[in-house]
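Some structures to go through are shown next.
Below, subunit A partners subunit B and then partners subunit C, in two separate complexes.
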Partner chain A sequence: MKTEIIDTIKKDFQENILEESISYNEIYLTVKKESIVKLCDRIYYHFDLPLVSIFATDERNINGFFKIHYVFSIDKNDAFIILRINVDGKNPGYPSITYKIAAANWYEREMQDMFGLVPQGHPDPRRLMNFEDWPDGVHPLRKDFDIRTKPPRVNGEYIYRHVDGEGVYEIPVGPVHAGVIEPGHFRFSVAGEPIINLEIRHFYTHKGVEKLFENISIDKAVFLSERISGDNSVAHAVAFCQAMEKIAGVNVPPRARFIRTILLELERIYNHLGDIAGIATDVAFAFGAAHANKLKEEVLQLNERVTGSRMLRGMNAIGGVRRDIGDKKDEILQKLSIIQRDFRKLMENFTSTPSLMDRIETTGRIYPDTAKGLHVVGPSGRASGLDRDTRRDHPYAAYPEFNFKVPVLKAGDVLSRTIVRADEICESVALIEQALWALPERETRVNVEKIPDGHAFGYTESPRGETIYWVRTIGNRIDRCKVRDPSFCNWLAIEYAVLDNIVPDFPIINKSLSLSYSGNDM
Partner chain B sequence: MFEIIKKTLQTGCQTTKYPQTPDFAPQGFRGKPEFIAEKCTYCADCVKVCPAGVIWLSEKSGEKTLSLSCCGCIFCGRCEEVCKPGAIKLTQEYELSAKKKEDLISSIGRKL
Partner chain C sequence: MTVEDEIEIMGQRMNDKIRKIFGRSLHIREVDAGSCNACEVEVNSLSNPIYDIERFGLHIVASPRHADMLLVTGSVTRNMELALLKTYNATPSPKLVAAMGSCACNGGIFGETYASGGGVDKFIPVDVYIPGCPPRPQAVIFGIMVVLDKLEQKIGKKEV
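Entry: the complex of A and B
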């Protein structure tokens, strides 16, 4: 399929392709700017390849251009097609693809704010990350923007989408919320109880992580990636390390790959347990919430005993893992078997409680075509019929060596998302058992002194979905690090999931999508 | 309903008596980093690798002082990893709250 796609594109768009290069499983095609809409359209709709990321790089000091990368994933062949266009540094406009491919929406707005690249014909060209008090023409990810710059505040206004009509009311919620969570604004338009429109506004705490990556040394960058999204720290760190290892051409020792798999699955278990507990809390099923939280706490304590950190931090390094966990094998197996037994019983209690099932069945539906159009990833995507899992489609760490199922449901409601998570917990336990029984001997880490110049993707399936890093190194430093957290794709889905639902169901829908503020707003 | 009551009774009380009875962190826990003054050579390797930048070396009237602030420490253990004489260790100490930031700084010094 891979060669078929490339051949067809080359045949049909011969005069538009300027350059072709292949590294690892990444096929880069540099194409003419004018042809990008047609090419994306062909790849996305004709070959049915998902658009997984769009990002820009500033290469004005080399050739006077910005480069935009459109990344498509060939799931069947474990490959990526990356279309690149050059955008003139002095006249940074390029044709928008959002009106054809909805999933491109936020990426193009992000590039507009961060690089000053103007998507011509974008249906919603408002600012996304630079707020209204941020001055015009200041773009943080451009190379000539110094990291210490403190731009002056200016006056400006943000215009929300507006729904008018008799009996239509607006309910603004946030950015300050009741719980200890990060800030985000939700503006509901309601007619009676049902929600007829929701607009979300985020990026209140933009931290400039991608800029930070460019300004720290590579060994410190691993710890930065670990802290992008607090409860997905292993997934982020492994994705970053894998990208660097690909560039350095390092083969990670088998034992390290197995340990990474165990850590990734431990992370998935405690996240999913926490999400299930949250759903139970939001429907006032206190019993279920207490027991799911108890199980989550048991996994966190197990994490602490195994790695020294409840959130599994500080374990990954470029070239392997920093600690061996082989001596904890019996403890992990024993604890997980108890947790799994208790969890199965708990799920029986869940499904046999009508007051819970009534609230979550058919609530917050994301229909399969919406999910596909917005590129919803992870358990939320799989609950809406999208059969994608990075662990299976782009195998990494030790996943190719194990058997596991990818649960997929079609209803797309809160119940489906709960069941997908519950099934994934059981698969994760089975994966950890397989990994521990087959744990290879010998070293856990190879030393990587210097990273050569190059660029590569690193990817993992975090508990929230596919996490993608693209890193370019120049002179043993990071020149550009693009992080695509799953929440960046999934947040927009909530605007569709809540439609026709009642306001009191919003917290459950929000919880069931398990969206990260921090991972989204880096 | 019956199942829920049964499960609740079976589970019993899950909380511990902390802080009345102390709760010790497990072996290998990444807690507060501590200096071992007599082993330190003041080479500043730990200063260079600290991702959070909370270890610093200062020199004043012939006395070298190595300081570490737990305020900002991410407990990654890189300092412990690179220290050749083994003069910095992550301990099992986790009760680190203080009223002032200065109370979270620990220092060692040596006259040259």
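Entry: the complex of A and C
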């Protein structure tokens, strides 16, 4: 693949490039460690490519190095450019890029905990995934760490950012919350009602998923990917399967691609309905909440009738889908048209209820430059003017064959996030209709016996945004699987969204960003 | 039979049982000890207008101190272990514990690793296991009916 931008980058970096390889739409450039800050800075600011992921691999048993991958997305050309640096296994330090590119913050802290790679010059080098009771020098994703090890608990303390001043006090919330939500800790510093500072602390539900991928068979790995973020089961499973299919060089049958698209959109509909219901609940608009929850339940029941699982689980497999849903066409079409009609009425009701609009308009604003700097993805990013959608920019499944709009708004408040979701629901219904009417004939799955050695990206647009997998296989086993859930990017945005808002508005802002704790913590 | 009919029949039976034992609602505190959030989706579904479990005497409360029963999901991660124990200790006796979902029952797909504990019963006593990934709302209601029988036995023993 040849594109202008890649040639320019290569010419620009000439003396710093050690090695170059291209597979599929992924361009890997191994560069000198010392030059990484300069190169990332140039790609990010000059070429204006978003940093979508950073991850490490442990290759000490092959060449004595850790490798760090910086992944940038070239949305215009459906390509990824990956800068790689080698970090000495015995002296694992490398220059941090966080002070230049804010979006790198958590990735570098994650690698510090998981691989023991020290980002030199990181502005906030505290622990992230390993809590204070985790012993020093133990790093789970290193190859010499056995997954069943249970490191002893040690004494330690986590130091929160502290805000001082007259009348400033702290409100600690969580990890066990009052509502039925996942665990996470929030620490508000407030004076009166407005929030001066919010610090989030997560990774309570860290289950060691990436390590687990390396220790289970490939068949089972599909099920594991479905359970990374429960309500985004399909998006995760499809992303994982696509990465594996890319490695295996398998062409998924058209019918399977169409069915995947239908499932992905069904998932988007029920998630967005749930989020809209949540926003209505949190502003005490009980009628709207009940109505939206009822619609969500109807989609869940439809899911169950169509696939056997309310969360659409167990449908995806490497090489296609396990079950044909062609015979349920009429039922899906009929149900969705009723749901869409009711949903339109509901949204009219929403926008004509002043008590609701008053609470959500201008609440929890994420300004476009903040969103861009933190790499906010999905509906939250699109509500802040970031015109990115994996379905359009990196087409997969059957999306290239359909027409759909990507709604983008600029205000970045709760209202625009609600409207983006509402518009996306209508687009999703239209997509499902297109897919069902054009459903190609024949088989739904090709058999994939053995996965050759290789590595590849798999990506989907989950209801929360861009979901990226990078998988490397060796000997029909997974050697490394990096999962980048959209919530991992979006969580930090909440610290900015709540500023100057009042504490009672926090639940609405949180709900409107629709963040997964499990997908983030893994 | 539609879902609504199923719920109506199960719900009425549960309602009678709860009224007989408590003379009020059964108060439930949900604790996520490291689930993938699918179980939370289903617990939230229980409160939607289709199931509306509140009308059958199931009330989800905000604090463990108000709860008769803990509904625990997830395989109990290393980082949630302490929070789960504190929640359990904060719940007044006689308390019931339901392990909801495959992860809570035995660790599920996450199993027992450096980060995952491998089931709720390794940390606190469990009265009823509700398998499923995630269990359907009907399964949760059934599980709660089973645990109510157990409570009847527990109370009965004390009187003897």
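The criterion applied here is as follows: the second predicted complex is superposed on the first by the 520 of 522 C-alpha atoms of A that agree within 3 Å, B and C clash if a C-alpha of one lies under 4 Å from a C-alpha of the other, contacts with A are read in each partner's own complex, and residues count from 1 in each chain.
Simple rule for what comes next: contacts are C-beta pairs under 8 Å (C-beta built on N, C-alpha and C of every residue); 3 or more make two chains touch, one makes a residue touch a chain.
Keep in mind the model is a prediction, meaning the values are calculated, not measured.
Participant: Answer with first, second, both or neither: which of subunit B and subunit C does A:Glu110 touch in the superposed model?
Facilitator: neither
Participant: After superposition on the shared chain, which partner residues are touched by A:Arg305: those of subunit B (first), subunit C (second), both, or neither?
Facilitator: Only subunit B; A:Arg305 stays clear of subunit C.
Participant: Check the residue A:Leu224 against both partner chains and state whether it touches subunit B (first), subunit C (second), both, or neither.
Facilitator: A:Leu224 sits against subunit B and subunit C alike.
Participant: In the superposed arrangement, which partner chain does A:Lys207 touch: subunit B (first), subunit C (second), both, or neither?
Facilitator: A:Lys207: touches subunit C, not subunit B.
Participant: Looking at the overlay, what does A:Arg322 touch: subunit B (first), subunit C (second), both, or neither?
Facilitator: So A:Arg322 only meets subunit B here.
Participant: I'd like to know which partner A:Ser352 touches here: subunit B for first, subunit C for second, both or neither.
Facilitator: first
Participant: For A:Phe287, is the partner it touches subunit B (first), subunit C (second), both, or none of the two (neither)?
Facilitator: Once the two structures are laid over each other on A, A:Phe287 reaches subunit B alone.
Participant: Does subunit B (first) or subunit C (second) touch A:Asp75, or do both, or does neither?
Facilitator: Neither partner.
Participant: More residues of subunit A are touched by which partner: subunit B or subunit C?
Facilitator: C
Participant: Under the contact rule defined above, give the subunit A residues that sit at the interface with subunit B and also at the interface with subunit C.
Facilitator: Correct list for subunit A: 220, 223-224, 227, 294, 304, 313.
Participant: In their shared complex, at which residues does subunit B touch subunit A?
Facilitator: 3-4, 7-8, 11, 14, 25-26, 28-30, 49, 51-52, 74-78, 81, 90
Participant: In the complex, go through subunit A and note every residue touching subunit B.
Facilitator: 216, 219-220, 223-224, 227, 287, 291, 294, 304-305, 307-309, 313-314, 322-323, 345, 348-349, 352-353
Participant: Quick check on the complex: what are the subunit C residues that touch subunit A?
Facilitator: Of all residues in subunit C, those touching subunit A are 3, 30-45, 47-51, 60, 62-64, 74-75, 77-80, 83, 86-87, 108-116, 133-134, 136.
Participant: Show me the residue ranges of subunit A that touch subunit C in the complex, using the header's touch definition.
Facilitator: 131, 140, 145, 147-151, 175-176, 178-183, 203-209, 211-212, 220, 223-224, 227-231, 233, 274, 290, 293-294, 296-297, 300-301, 304, 310-311, 313, 516-519
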